[in-house]
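Two complexes, one shared chain (subunit A), two partners (subunit B, subunit C).
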Partner chain A sequence: MQVLGLGSVSPRMASGMQEKQFTASLLNFFVYNPTFGPREGEEEKKILFYHPSEVEKNEKIRNVGLCEAIVQFTRTFCPTKPAKSLHTQKNRQFFFEPEDNFWMVMVVRNPMIEKPNKDGKPPTQEYQEEEILDTVYGAVVKECYSMYKLFNGTFGRAVEAGGAELLIQKLEKFFYRYLQTLHLQSCDLLDVFGGISFFPLDKMTYLKIQSFVNRVEESLSLIKYTAFLYNDQLIWSGLEQDDMRILYKYLTTSLFPRHSEPELAGRDSPLRPEVAGNLLHYGRFLTGPTNLKDPEAKFRFPKIFVSTEDGYEELHLIVYKAMSAAACFMISASVELTRDFCEQLDALVGPQLTLLASDICEQFTVNRRISGPEKEPQFKFIYFNHMNLAEKSTIHMRKTASVCLTSVHPDLMKILGDINCDFARVDEDEEIIVKAMTDYWVVGKKSDQRELYVILNQKNANLIEVNEEVKRLCATQFNNIFFLD
Partner chain B sequence: MEGDSQRASASWENGTLAPGEHLRSDRAESPLPGLVEGTEPGAGQKSAMFVHAQSFEDLTAEAEEEVQREAEINKSGESEEELKVLVGEKEPHSSDMTSESRTKEEDVTSEAWRSHRKHVFVLSDAGKPIYTRYGTEEALSSIMGVMMALVSVVEAEKNIIRSIQADGCKVVFLTKSPLVLVGVSRTCQSDKELLRELQYIYYQIVSLLTLTQLNNIFKNKQNYDLRRLLSGSEYLTDNLLTRLERDPGLLLSAVTCLPLASSTRDTVSSSLQAAKSKNLVFSILLAGDRLVTLLRKKDQFLHHIDLHLVFNLVGSSSSFREGEGWTPICLPKFNTAGFFHAHISYLEPASELCLILVSTDREDFFNMSDCKQRFMERLSKRSAYPALKEALKSPTYSVEQVGIPELRHFLYKSKSSGLYTSPEFPDVYKSDCEQERLMGLYQDLHSSLHHPTRPLRYVYRCGETENLLAWVTSGFELYLCFSPLGTKALAVAAVTKLLKWIRKEEDRLFILSPLTY
Partner chain C sequence: MSEEHYLELCENPVQFEHASSVNNVFFDEANKQVFAVRSGGATGVVVKGPEDKSSVAFRMDDKGEVKCIKFSIGNKILAVQRTSKSVDFINFIPDYPHTEFTQECKTKNASVLGFCWINWNEIVFITDQGIEFYQVFPDKRSLKLLKSQSINVNWYQYCPETAVILLSTTVQGNVLQPFAFRNGTMSKMSKFEIELPVVPKPAKLILSERDIAMASIYGQLFVMYLKHHSRTANSPCAEVVLYYLPREGTCKKTHVLRLNTTGKFALNIVDNLVVVHHQSSQTSLIFDIKLKEPDCTVNTHQPVLPARSIHPYRIPLTGPAVVPSQPPVPCQLYSSSWSVFQPDIIISASEGYLWYLQVKLPPTVNLLQDKGKLMDFLLRRRDCKMVILSVCSQILEGGEKGSLPVVATVFDKLNQVYKEYLEAEQSYTVAMESGPSRGSAAQKRPVRTQAVIDQSDMYTHVLSSFTEKKGVSHKFIIAVLMEYIRSLNQFQITVQHYLYELVIKTLVQHNLFYMLHQFLQYHVLSDSKPLACLLLSLESTYPPAHQLSLDMLKRLSTANDEIVEVLLSKQQVLGALRFIRSVGAHDNVSSRKFLDAARQTEDQMLFYTVFRSFQQRNQRLRGNPAFNLGEHCEEHVVHFKQLFGDQALMKASTV
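So, the complex of A and B:
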């Protein structure tokens, strides 16, 4: 099975009759707060956002009511740990209470096969109830909230500032677009980790980047935080881990892909942004003004919210890119950013970043030449470190804005997810090796906050040989950080 | 023995292997024919649950007054017969209240009640409480009402509720109209494992009533309080739940045998075979929870679930030790519509050996008693009997006998025979708590191997407390538990060695030549 589009259909022939296969898809997404409409007849007031919006009012109220009942009922048995999901034949619902009394609910329809019936009878629907992994979609809901919060601050903040009305507006504005970017059928273990891919670098180049960041922050003292990425991979960040994690997600799955085309285009292509005689560098703003020379240019940047010791702060997000190097500069939102400042930044950062980018590129090419030409990786693996959120996957092709392609069968990806669930249940080091019915071997190792999953296509290997292979991988790729037998 | 009085009036057709149309029409006339037989609750005390030979004729008129009173309370239109039946059920129920409440009384709002590892609730379609593992049904009626409401709300969308997941706790629903079963678990068990357990509980209830009767009861009176019929039998469900947590047989869908020289077993089997009777369908000889031999009518097969229900019935009731028991039992995997009648007795008063003779005829008590007599006569003439009794002294074996270092325990199931073998739990897993933990690990492995859409052939799991290996082929299922010192190389070698050992011991550990009538 290939990965399909959102709720897409793939006909397949079976015994002469055409069956339709539907992938997992988003059915509903809503946000409610039971304290906003506690009295009978006021139920609608609880609902702050509901997708799809055209659903009839009573159905919305009914669905929210069911969630409330499930949550309440579960408290009978677990007063401290709230319900996380509801499984039904046709769908799964995921609950998340990110702030007191604010509930986010995502309803995902199970994959389904529709089988036509003879004699004009309506087709039979067969739901595949074991295909959706709770951990994966639970993480997706949490990420929805983190992304909202990154650009809007907390739900509570909106209510304080402008009552439920303002929150409703903000939710509508944000989720209307954001939900269209969810690609539920291609979510997998990587969504559970929500990790950051780090760019591997030698010490010298790393120091160069660090000194670049220091210089810029010194010259432009308005800058509070800086993050530096190359090739969609992180090199340096001054932000808290959790803030960086979500910002990284935004940059790599939304902002960068939207701006990748001009760079791929040839030098003289009309697509290429006007460099306006400035041939000293390739730097340009990905947020804010597209062309500094334009007298009409607006100097407005997206605002983001990051955590501080005593709450959160609002910042302008400036993303500036030269070739494959991108620098994010964050400046307190209370400061108004002017043309002057932007010109200053462009003049300072543009040439240096261009130079750095080519340095890194050169270094990268040298390293690659040493380690041999790029080919299908010998080992298919996913690695994640809970301590620094570092993740690495040789299973996933490059993530794009739309879909995330993997090079292995979706069932194998789900087996990785199953093993991850097993690990999550016990807080101790463990190793699980399984052989699937397709004779693929899957190895999971958890050791001291690190998790490694390897898929081996060695059908005739036995347990001992599989173990040897994984040992080899650990020795070459991870410097033997796994100690289990 | 109050319940006995109704048996005479019950117009229940003899249980047959395949219910004909006539059966169904018979039942339609009266909603509860033969209830007496199904739930003979002699109530409360385990012994009264079953009719004994000694009291076979012992009919009393004690219930007469009750009948009158009940007739006034109940709406007219219900048959006299049903009323009598209900009375028979009700009376012992009330007399039993004291002992029942003693064990079940618990504050259902307390932390202690909440934190039980596994709750099980059974309710009717109408939301009426039928069973709870902890606490009393009365105290829980509102919670069960909510459960039913959740089921109905989801049903209204033409959907089916399966489970609710929370951190460290899950609620699993099984709707088996007219019943709804709900499990609340703090264990790591998968939904599928929990559902399997609820299925067992469902079959346990069906085995007391038959599904036909169950359906009829609720068809006639949706609001019926089924506890009136089941009171006194709750201990069966309680015990079954304990078994589900400890007995690998229920996990593996298999039973285990008493280790016995094949010559001895064959002699016992042939003695049992000789003691046949027209309506005798199954003869089962048990030693505790272990099968000595099982004979069946040609073409008739006993499902492992049914067999475990029989094991549970025998193992839960001390009353069969007091004489020959004669009880109706529905074997739901065989036929949910009718009752069989089981003659249950121990070979000797203090013996572990229990003989169960299953007949289709409810008037067959004396025939069955005679079969047992003939079997005993035949058996006691032979040297096999002392050999059998000798074997009872070692009903299990230690894993050391297999001679594999670091191997602590294993389960091996032969798929074709439905039999499994397993050594006794070693010292590390002797305590109930540790035993249940190991069973939990086996259940995990079982769930992984038998995943509904992503089944696995092989699982090796290496943790801090033990290393586990599970392997399923078309012929067998194997689960091994090693000490954490065991290596992978050792595990691979152990499998080969263990399979050889089992092959060598197979005629002792399994029933290789089952006989039929």
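So, the complex of A and C:
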């Protein structure tokens, strides 16, 4: 069996003994529909996608069958909620049924420590079965589906349009690339939330952005929805929340990181913008044509699917960026986008967006100077609001395409995940304070629909002091929301 | 086309007996009175003023042809000039002697060109050799010379509003010397020269009295010079050149109004607009000196609107002789018998009418396509409010593409004026509060002109009907509302709650809750109790409204009672208790309210906890855990005993 993620060998080596640590990694990922091959001998038809594809056919069938059996078996205990995961010593399996009879299964290999043995014996492998969290990887599987759906629509739609063959093609095309971007070892609580980071902004600048969006939508009436981001943080979404959530994920973890800032690029870089006439602006298309002047330029944009009151609709996704401000314009896919339209958009949006971007930047620095960065306490926290999906983390470093860096030890992240699981079990407001092994205090608070996790590094603090400290954090950072002490 | 006439003659003209061989007609600009003098006054003088009460009729002896006749301010004394040497006076003050008295001009060999009343008893004679300033003593029937100044005068003009007399001097007549009168004093203002298009050789009087007018525009005195085109100069068309005449300091040439045509012109000032009548084309042009032309050099103005004639006017035939079926007779406009006086008077002596010229704003709306310019124009007019509001409705409901930037421009212009008024009002209030004793001149309460269009005007006349209009896309409605809110914010004007309500109503109608959520998240809709309550009412259709509402109440920091009510209604009794404790109001809340809510949950442990918490409070406050009678908690005490037994009650601690 091929083991993926060999690159994930941890640099942390235990002193003395030559210990090797392996982080969690993807073992298998498959999609099947039991109704596609109900009879004996047709089992292969059930399988719509299997990763890794080199696996021998019978083994694929065996694994799918096993999942089917487990789901079927657990259904007898609770028909509405079949098993979501299966824990074994070496790995963990996650089951998800996004659409009727369509199942997605992800198999994750547990983290493992390999201890060399003396006398030439094979090394002992210690699987750390309890290190990974169901909620985190359950969320990863769901996200896989949402991302597929964003670009392809539902599984059902593909089958309707071109039978199982079309769906198989689409799955193959999409997941072949997408699975490579999964970094299971760095998944954590933020994947559970799947939140959106909002850019803090004063009212006036926000209203200016509103005005900009409305004007563009008026003069380019093809545009159906607009989203506005700055510094990879959301400011405005004309899309509904759930669609925005996954689009945001795509933009911030995939599209934006792939496009480095041209204004930061060197003079000779091909990314440097061409200045058209005397209109100096930094606007450029992140999707669609890279260079409008190129006579060969293709005006094809990625298509996305978003929900409507009665189903879904297919849209062109135009992402246009000027400096740190990015605007996403969505246009019905039934319209063919022309060079004319793109030039019109570029001429209209480019200068305005450039101006807005510098406005926002200026406003942001002014606000920062007023509030003073030194006043911000050096707390490490994660905040999430289920109501508007707003998330804020001082634990995570800047997200890049490849990894999501955290500034705290994975053990602490695991504690956060555990507290989150506890919160999910009950409906009422709760507070949990944990003293971690490493002298850290971890505090979780839940008030109405909000969750806050704080990590404190105060060696000799007692429970009362920790409680006071968290109160102080709430009073400074969250004084404008109703957050019960 | 009739909708395009933006100038009209007033509906009720002053009627007088038309000029004839036996009836001489005079007009006094100061009192705006028309004098019809029949047979030198022997058969009667009829004076018609703008109001009926200023109309007078009397007889006087015919002592020769009347050259000029004027009342002093308030019809106190009548002055009549019959010769070139002297002016006669007649008292009109009751109980004063009525016999005439005469004043000759002081300067020898001078002839009197005319006279001007400065107030009820001060008069200025203008002679060809200077001016003489007198005070009249009606009781003594004599005059006293206050001041005089000798200077060669060709002709003069008087602006009663500012009490400034302008004298034309020098041979060519183009050096103008103004004098200002105030409180019994006469002061010489700095003289200035009008640039002539051609200098005649040999020198002769070339600047005509008809080409100069004085009027106050936007509260400032201007001398207007009608500069006719000359074949030799390179300007092919006539212009009106405006000279600004300050009380102190030098006179400056400030504006040039391009007429783009030639011929005979006459000037009026109406509602601070310079109106130029052109006789041959029978049309008029209007200029607004405050309207900046983007494509011209500073202070050169083109007409605001295309030339149009004054609205056709029909003379209503009145009096007993008129047959009822006889239609009104059309009046000949731009007639050569018309005389034009400042600021806004047109007199037809041959027909016996005095009209006030008026500007009609509604036709301007369709003539001026640039809405921003239109707003600038309208905002400076007197009766502009309803027209402005109708323009707002028009641009919103017209559905022209690309109109949002126009809407934004219009809103910004309205709010600029609105903000200036609010600021003036505020500084007035501050000044009043700090006490009127301080500061020499008491500050005047700012006048609210019609151009102040506030939020309630916009709401009542424009926005509320616009949002209910069918066929307008909700996207556009929301965009417009947000644009208005943006504009108000930009001018730092506090947005009224009903505008937010309109936004919320529109968003809710179209199920755009996520949009609403984002607006609230960025505090675009400012916090207020009514807004929080409105959000609470939305909870059943949009659950997150609950959180938004609670957040808002928290930020208001004056709504702790409301927060408790909300939490209790949600049966979050412990939460309510924790909240009230965190804000330090635990000691004052009604225990019964909490116990009621706790009991309703049917959670016995919760009831126990809440009950004990209040017993502890009682102990702390009064040294006894028992509830006071006034707290009405008896039934809860009974219930507690039933559930947990007598022994569970906290006993009064005995010292």
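Note that in this section the second predicted complex is superposed on the first by the 440 of 485 C-alpha atoms of A that agree within 3 Å, B and C clash if a C-alpha of one lies under 4 Å from a C-alpha of the other, contacts with A are read in each partner's own complex, and residues count from 1 in each chain.
Operating definition for what follows: contacts are C-beta pairs under 8 Å (C-beta built on N, C-alpha and C of every residue); 3 or more make two chains touch, one makes a residue touch a chain.
Because the structure is predicted, anything quoted here is derived from the model rather than measured.
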> For the overlay on subunit A, clash or fit between subunit B and subunit C?
Replying inline: fit
> After lining up the shared chain so the two structures overlap, which partner does A:Ile464 touch, if you call subunit B first and subunit C second: first, second, both or neither?
Replying inline: first
> Taking the superposition as given, does A:Asp429 touch the first partner, subunit B, the second, subunit C, both, or neither?
Replying inline: both
>> Quick one: is A:Gln363 in contact with subunit B, with subunit C, with both, or with neither? Answer first, second, both or neither.
In response: neither
> Which holds for A:Glu130: it touches subunit B only (first), subunit C only (second), both, or neither?
Replying inline: first
> Once the shared chain is lined up, is A:Lys414 touching subunit B (first), subunit C (second), both, or neither of them?
Replying inline: first
> Which partner does A:Gln344 contact after superposing on A: first (subunit B), second (subunit C), both, neither?
Replying inline: neither
> Any idea whether subunit B or subunit C touches more of subunit A?
Replying inline: B
> With the two structures laid over each other on chain A, which partner does A:Leu66 touch: subunit B (first), subunit C (second), both, or neither?
Replying inline: first
>> Given the overlay on chain A, how many degrees, to the nearest 10, lie between subunit B and subunit C at the CA centre of subunit A?
In response: 130
> In the superposed model, how near does subunit B get to subunit C, counting Cα atoms only, in Å?
Replying inline: 6
> Looking at subunit A, which of its residues have contacts with both subunit B and subunit C?
Replying inline: 429, 484-485
>> Which stretch or stretches of subunit A touch subunit B in the complex?
In response: 62, 65-66, 69-70, 73-74, 76-79, 81-91, 128-131, 134, 411, 414-415, 418, 422, 425-426, 428-437, 439, 462-464, 467, 484-485
> If you look only at subunit C, which of its residues touch subunit A in the complex?
Replying inline: 401-405, 408, 475-476, 478-479, 482-483, 485-486, 489-490, 511, 514-515, 517-518, 521-524, 544, 547-548, 550-551, 553-555, 563, 575, 578-579, 582
> Okay, in this complex, where on subunit B does subunit A touch?
Replying inline: 114, 119, 143, 146-147, 149-150, 153-154, 157, 159-169, 171, 184, 188, 191, 444, 448, 451-464, 487-489, 491-492
>> For the complex, give me every residue of subunit A touching subunit C.
In response: 198, 201, 203-204, 206-208, 210-211, 214-215, 217-219, 221, 236-238, 240-241, 309, 385, 387-388, 390, 429, 448-450, 480-482, 484-485
